[in-house]
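What follows is chain A paired twice: with chain B in the first complex and chain C in the second.
Up next is the complex of A and B:
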């Protein structure tokens, strides 16, 4: 008898207590995919939440999608990040769910004037938010412009932004994909300053949030990567573009592939060399009581384009090209370092390397590293390049054209 | 004392899971920054010394519980008081771990659940196990040990593959001086977790091959110490010093930063499973020891009937010991090591060992010395 009651009790118990306490049904949550942070004229934060519209993301596969946007955008004003959340909730019928928020966009204005120091705590503290969320700076536009843009291939523009940055970093080294955790780590570190990729919307920016934007093959308003932002004391102070950005990425050892062009016989960018593999080693040394950085780069790659008659069969020519490549690359890196020293912002983490290898000396110079020691730092760059292959052809066909024989 | 026997391997597993149980969650020896792993290893050596003290006691009374021979050593009246204090100590520690467990669960997974409910559900399982006795607990431990090892192997693989380990983060090792490291080892890390092995004085007598106890004890202490040092080094290598110290649960942050191929991420469930296993074994051992101890001191015939009341008391203590998580941790790192751990783990056992030595020396004259 007793046992029967026990079984009954257990059955009732399992029915009522099996994990229903903190339940959230899928139709009760609004999945936030990106969040933009701007500030308004009064200095308040303006948050833009990009929310996935589930029916319209999947719809395209069944042929029914495409007429409605895959994302909806909500805006809120508040004094801090959680304030935004609570005000946005007055406009959204569902609970905002941040576990899939992969992207945080920060407006250029706020990054320049107030700095990013005071933004990230709520993200880091919340168990729902990801430590691996990517961060970008909206350059020349508002963060909301990037968050509300509709894009064509990747329906959710957060996804598009993240992938564009990743591919731009991988293919060229013009952007850097950094996540929340890394940014906070570098903000706190005395020996390294954060750098964050910029993103902008190019083209007809009135139309970026209209469905017609995605209905042409030549998209009118297209989000594009835009350099790398340099921070000092949490404030955006400079943008690195083109070669400066790539040079910095070389020093940071984050180049995967990139192209190097050299001039040949007065023809500009005549030979293109594609980097396949590289390794950058940075070491700190004390010389006469002063820190000195040694950077060694080893590069391997192929020749991928040669628009002049040059004999790529000959190892001597290749060695010649290698030397020029090394010289160019060295200059590119040195330029990037000089720029960083001018900015007085140690984006390369030279300070951290000093800390690791010379902890005692570091203690003395740690305090004014960025302002005094780093700008005066002597940096020695050594580059070695190797051409391993030249593609499917040896000599370029240009050398066999009749005219060039004469 | 119940009629039960556990094997050497089972004891090894119990000690191992017990030691890493809740120590894995917190930034252990975090104040030592890059040298945290070194501090843990130094504290482990200290743990060996403490273990030899406990082993010495065990050798004098190989088939008695701590609460039993305290009375032989100190006399019936004083001995009973000390034994009772030990029971309170074990219950308090059980409550502390239970609180750790509940707070962690609430912080990162179930923010809306009341603490009392989370703790109550957990202590129910513990009480159920304790009622079944030490053999069941030991076998459960074995099962979990296998599971946990599998988890950790895949976990290490994932960390290595994701390429997040920056060995340079561990430099310079001597961010704080060697003297400070020694001080930290012997005022904090020694007592938690290594000194807590004293509860096993209530379990050693069940071992079916007492002659191997020395090897098993040292072996499992070393295994858990090296494991903890390794995980702490991994935390710092991946997260960096600053983030490791600022994290309530660095191990969770470590797991959350895994990101492989764009889809293998948010592996928080690893942490949850670890939390469950570690918390369960540790609380169960403490509760079991408190229950058998109580039965022993008050000559209670059926210890298993004490499981529910003792469990309930532990649950209540776990709720009232602190009003916030910060307070809980502050007590755990500040007052508890000096005022609670130090007397119970070091002063009283050493005192007991000295008295036992003189008592037994007198007695043993003319007799054959005890088996090693």
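Up next is the complex of A and C:
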């Protein structure tokens, strides 16, 4: 009996004397919300860490939100990513905690000159870092500028950047929200190249890290989305803006909502069509020993604006509009594909689709897919649009104006 | 059975030793009643220390010679009208007793022709006489006879039947048990009108001689379990039984466990339901809490109302109770583990809020949790024990000190207050008070494990808890059944309750296996097959469609 108790006591003892293992109290850690990576003149990495000041985030108890910045920024220079962390720790009183670092900003210089291939290993290897951290490229500014900027509604600017990209992707299709995992997957894939959203700070960039930046209703320095960056072999080679970006997103099947404008009776952008639902199917085919891509898009949406008197009651008119929409959309997508082929960067993942459907043929062309096969690839785009509703009314009220003699 | 008598003999021996220390007779011999009244009364006064509540009323009956008769009873224990109207008045006014009688006949005449009371019997030894007298019966001595008559006149002031204060329900009987065994047993008789409702009584407690009755339904209860209950009750040798809690602690299977292995209730309908599942009820005089054995883990999450409500609602509330129980065990532990070990699990925004609150808190989260939990336990204990008049003062102090001041001073984080409050409410939402207390003790263990090893420690503690629960038995029935060992039939009355029309069988481990069927086939209510007009309408419609 005594022996039994002794064993039990020892078991409990070993458990509890192990100490509090990897215990970290919340007020002993510095929550990193974003990290920016730049390059200095000597070619060293400059890391910028955005750390949340929990007490200053609005809504917390002390009511400090508003007067003091919600974030603090620390900078460190080093030769590799982990080096940055250890150097930054000489300046911060607390352990940096990366599990909530949801944003990684990469400077345009690094992306263009050195490429992003070498950066991500430390992020992927660390147990703290999340594979779902979003990645953006600082376009035209340093990564630190984006990380430092104080923003108004979302106090933590990392949050603001992520949300802006997400809403831009959802509402317009002008940006793409990609995370660490996707970027690494696309970097190693032979059949797909990564694309990463660009971000920039517009306005008075001297003041972006001052509290007064957020104290006006018209914020002086505001981070905004800026196109989509195209990569080839890990290096940034091109920026896609406006319709090119949207066209690429159509091919990638990542459009949720977007507006399509068509001209009508010589009036530019007279009718606006809002996409509600869409599905893009991409298939690969072998034709005469050469690969051919078939893209089929089904779009469903509403008419949301008609600035001219047009009889939307008539099915013929609607069919006409549908056809024109399809034509415009087809052109938009084809333009985007042509641009990608010119860049020799298969951002659409056509190669992966080939790999899945024709693995044997893929083996042969895999090696020089980006440089030889992809730029010459024949792509057939078919678009089918459908007008589900015309909003809350049929004929625009313009038709009823006395002046118009319709 | 032989051993039982032996035990009882020993009990009596000790009892005597206590009562008359100086009495030289240490033998088991019974003392018999003397034929002389005065000798009897002297003996009586000596034995009871001349207690004034024992009333002695002397009457004279018969003529030539007159025979002295004495009536004895204990004030307050008797039913006054019975004694005055049916005992004293009958004896004084009965014409039979006016005639000439021999002392020998007198007692028989009194018992057979005079006393108009339900229970009358004659006793010869003091042992039985005292037991009856002190239970509220009246004793009649007749001079010259070495026997006494015991007339059943038990009564006196008792609490009337009231609504039970625990196990409250919206729907269901409003009756609760009282302190009187006779009343309680009668309540059960009223619910179960069957000759198979068997009751056995015994006296437990060498000094208190408390009435303890066991009740079961013959044919439904498993014989093994009934025998086990009887065996354990008979094995009890203690001076006093003041509440059913005494019995519970003396007959439970496993002592070193925070979990109750006997259930207790104030509700007759709950006892009836349990009897019908083959359980055994133990009534203890003086306690409104009736013990029910064996008790299983899942039983503590069942309320009688589950069976009165429709099955979907009952199942939903059952499920809620399980969740509530888990919250009340692991609530603060999860908070401690998540905020000190697994910050990555908390959504970023929530983490920032919690971190902001914890900025000023000087204590580690685990200490904070323990301090708050102990504070809550103090508040709870204080509000239970203190006089009701100062109740409002306490709640103000509690709410202000803990809810406001501690948070404003930055000594405690508001998140912790929220967690502790939710846990507190959760522990009160568990239907059985006894399992809620267990949860409170187990909770502290979980907090410490979470503080030392995070979720890993909590999982270890959880494994220990599950293994412990599975090792428990209640009167030989596995505590976790029908979950472990798994009995698919029995699962219909655990986390959810199957519809009443599908309750085909009684629980196998509790009930006698010869008598498991509790309802006939096809009990599911169905609408009438013919719907008159509607059927023809439907046919017409179908015709049109085709």
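In the analysis below, the second predicted complex is superposed on the first by the 380 of 406 C-alpha atoms of A that agree within 3 Å, B and C clash if a C-alpha of one lies under 4 Å from a C-alpha of the other, contacts with A are read in each partner's own complex, and residues count from 1 in each chain.
By definition in this document, contacts are C-beta pairs under 8 Å (C-beta built on N, C-alpha and C of every residue); 3 or more make two chains touch, one makes a residue touch a chain.
Just so we're clear, the structure is a prediction, and the values are computed from it rather than from any experiment.
Of the two partner chains, chain C is the only one touched by A:29; chain B is not. Looking at the shared chain after the overlay, A:357 reaches chain B, while chain C stays out of its contact range. Look at A:153: by the touch rule set out above, it reaches neither chain B nor chain C. By the touch criterion defined above, A:54 reaches chain C but does not reach chain B. Residue contacts after overlaying the shared chain place A:189 against chain B, while chain C stays out of touching range.
Contacts of A:99 after superposition on the shared chain: both chain B and chain C are touched. Comparing chain C and chain B on the residues of chain A they touch gives the larger count to C.
The residues of chain A shared by its contacts with chain B and with chain C are 21-22, 99, 130.
Of all residues in chain C, only 339-341, 343-344, 348, 351-359, 361, 364-365, 414, 451-454, 456-457, 460 touch chain A in the complex they form.
Across the interface of their complex, chain C is touched by residues 15-16, 18-27, 29, 31, 33, 52, 54-55, 57, 59-62, 97, 99-100, 102, 128, 130, 156, 159 of chain A. Residues of chain A touching chain B in their complex: 21-22, 99, 127, 130-132, 181, 184-185, 188-189, 352-353, 355-357, 359. Residues 107-113, 117, 168, 171-172, 174-175, 239-240, 242-243, 253, 256-257, 259, 265-266 of chain B are the ones touching chain A in the complex.
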